[in-house]
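Which chain is which? They are A, B and C, in the order written, and residues in each are numbered from 1.
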Amino acid sequence: TGVAMMKFKSPPVNSLSLEFLTEFSISLEKLENNRACRGVIITSAVPKIFSSGLDITEMCGKSMEHYTEFWRAVQEMWLRLYGSNMVTVAAVNGSSPAGGCLVALSCDYRIMAENPKFSIGLNEAQLGIVAPFWFKDTFVNVVGHRIAERSLQLGSLHPAPEAHKLGLVDELVPEEKLMEKAAAVMAQWLALPDHARQLTKTMMRKVVLDRLVAHREEDIKNFITFISKESIQKSLRMYMEMLKKRK
Amino acid sequence: TGVAMMKFKSPPVNSLSLEFLTEFSISLEKLENNRACRGVIITSAVPKIFSSGLDITEMCGKSMEHYTEFWRAVQEMWLRLYGSNMVTVAAVNGSSPAGGCLVALSCDYRIMAENPKFSIGLNEAQLGIVAPFWFKDTFVNVVGHRIAERSLQLGSLHPAPEAHKLGLVDELVPEEKLMEKAAAVMAQWLALPDHARQLTKTMMRKVVLDRLVAHREEDIKNFITFISKESIQKSLRMYMEMLKKRK
Amino acid sequence: TGVAMMKFKSPPVNSLSLEFLTEFSISLEKLENNRACRGVIITSAVPKIFSSGLDITEMCGKSMEHYTEFWRAVQEMWLRLYGSNMVTVAAVNGSSPAGGCLVALSCDYRIMAENPKFSIGLNEAQLGIVAPFWFKDTFVNVVGHRIAERSLQLGSLHPAPEAHKLGLVDELVPEEKLMEKAAAVMAQWLALPDHARQLTKTMMRKVVLDRLVAHREEDIKNFITFISKESIQKSLRMYMEMLKKRK
């Protein structure tokens, strides 16, 4: 059918570790180079969670080299996904904070299970960290400046119904209908001639993609400087402790 | 009253041919230079259609010179209309795809007949072509980035009620009330002092207008290169065949 | 509690005079430098009016030196408020035209008394003058391009319910609940770590702040040139006459 399905399966919470990101980017590259593949549906094989976002263990107590490699992998994933020529549909079948939200925001269309227990958002500020400018740019392109400003400052995690109301996701469906709906949306998008659709997509996203490409090394440096601060390391460690206790 | 009425009357579908565009621009220029004229209402004298957009016969099987002249006329029309010092109200009394939609988007206010059979949108992608960046900029200024991205990629033609919901048109009224409403809106806008209103309009639109002015020749070259491709010519021919059969 | 309360008290209508603006900026600076202060709630001690905006007497029949000093004070107030590191909540307990609206728009969150007799908006065009580009930028960041374009051209004053619908204010509450609600919102925003929240805010607002910083002297010149025109002076005088008669 020309449609690939990508199911995140990295229990317990589909953290975006260096390994996960690298595999993700390689998979995207392969699909991109496969002319038979015109679209990809991204979803999770882990119950209740789409992706918990960047793996905090990769950002805690590691070397500068490791931080550099990790951040480059995050950038790489986003550049490939946001700039993909394929039709990309996120079937968000669980919660999706921070980097998980970025994955969804980078797709062409977002369908979310209507379960109000599932939430989505760029909640970095809650952890004492700051979403990078290209997370912000991607977010603003979806929900506009005001909603992004408020949501980012508050580090909001929006329950599915609220996320839908804000435009963060395009559609809510009962969880059991999610894949069916994703396939229907994909068919609708694939009804368009690829070339015109791709050029149109590039026209819409190029400014924001180019901004990261132009500032990629600077962005890595900023990340390292920020993440290496003792205060930030401390708050990340506290956050990890809290997560462990919650289990 | 200081208000001009411009009624598109180029049956069967008010295609924006080279001749039509040239006349349109000249009319706008005359009104602009007529100090007695402060506003213009744009509507159609052809039933069920506002304007079907750019005339495809002008883009099919013609010379480079012709394409150049045609595209310059499209640019000229938009620069005049989007940058007009007059209050411009579109009374959209029929369907308005592609270039027809651009005309409406370029006005200060859009009122549409609430007939759900009438649709409006930048549906270029459906024809295998791409809306130019300044069509896109005009669209984004009206509906925001996300709605524009989705609508342009899908080449959507939105029925009047949906167009209203998306903000593509400002108001829906029963068709028989359209002109009355347009006159009332015009009166409301003309109640403002011209000079302040014009400076404000310029402030809002200058960035986007300047972008085309700065890249006008490049934009013409892009258009010619694109439209001259055999694949594009073929899909335009197929589209014209389809239109003929539909009649 | 780390929260300051700023109550505008310059009867009859809290006009932003040179003296008022200077005091306002000094107060903001003091709070900003006070590490114990993390947030400020801005409201009015004058019934029915939040702030009537820039004091027209400062713009009428004065010297170039005075205009320069006045405009610099307006800029200074906005740069401090829009760029504040504190959480800023506007408790809009009355009407808030023009510069009064700018004060509210520059805060992080706007709560308005739900009284439909209270209105808010950048109505400069009604007076025959033009909102400066940074008023416009601040407005667009809150309500988006289309709503800003229409509202600025019409010089609209939106009754509270309409302002809420447009996103100009975030929330409406009965007037007697306004301060309680403002305190609750403040507590919600202060629950976030300051540093991450501040960096996020800067990321969202820096582009627009930098634009004025880069063009500050030019903006003063533009203001003086515009305001010194006899036609503008005349319409300001007429407006003041009208205000006097209304009393």
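Note that a residue touches a chain if its C-beta (ideal position, glycine included) is under 8 Å from a C-beta of that chain, and two chains touch if they have at least 3 such contacts.
Note that the coordinates shown come from a computational prediction; the quantities given were computed from them, not determined experimentally.
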item: Chain contact topology (line, ring, star, complete or other); value: complete
item: Self-contact between copies chain B and chain C, residue sets same or different by half; value: different
item: Whole-Å gap between the CA centroids of chain B and chain C; value: 36
item: Where chain A touches two or more other chains at once, by residue number; value: 144
item: Chain C - residues contacting chain B, complex; value: 124-131, 133, 136, 144-146, 148-150, 152-155, 231, 235
item: Residues of chain A touching chain B in the complex; value: 108-109, 140-144, 167, 170, 188-189, 192-193, 195-197, 199-201, 203-205
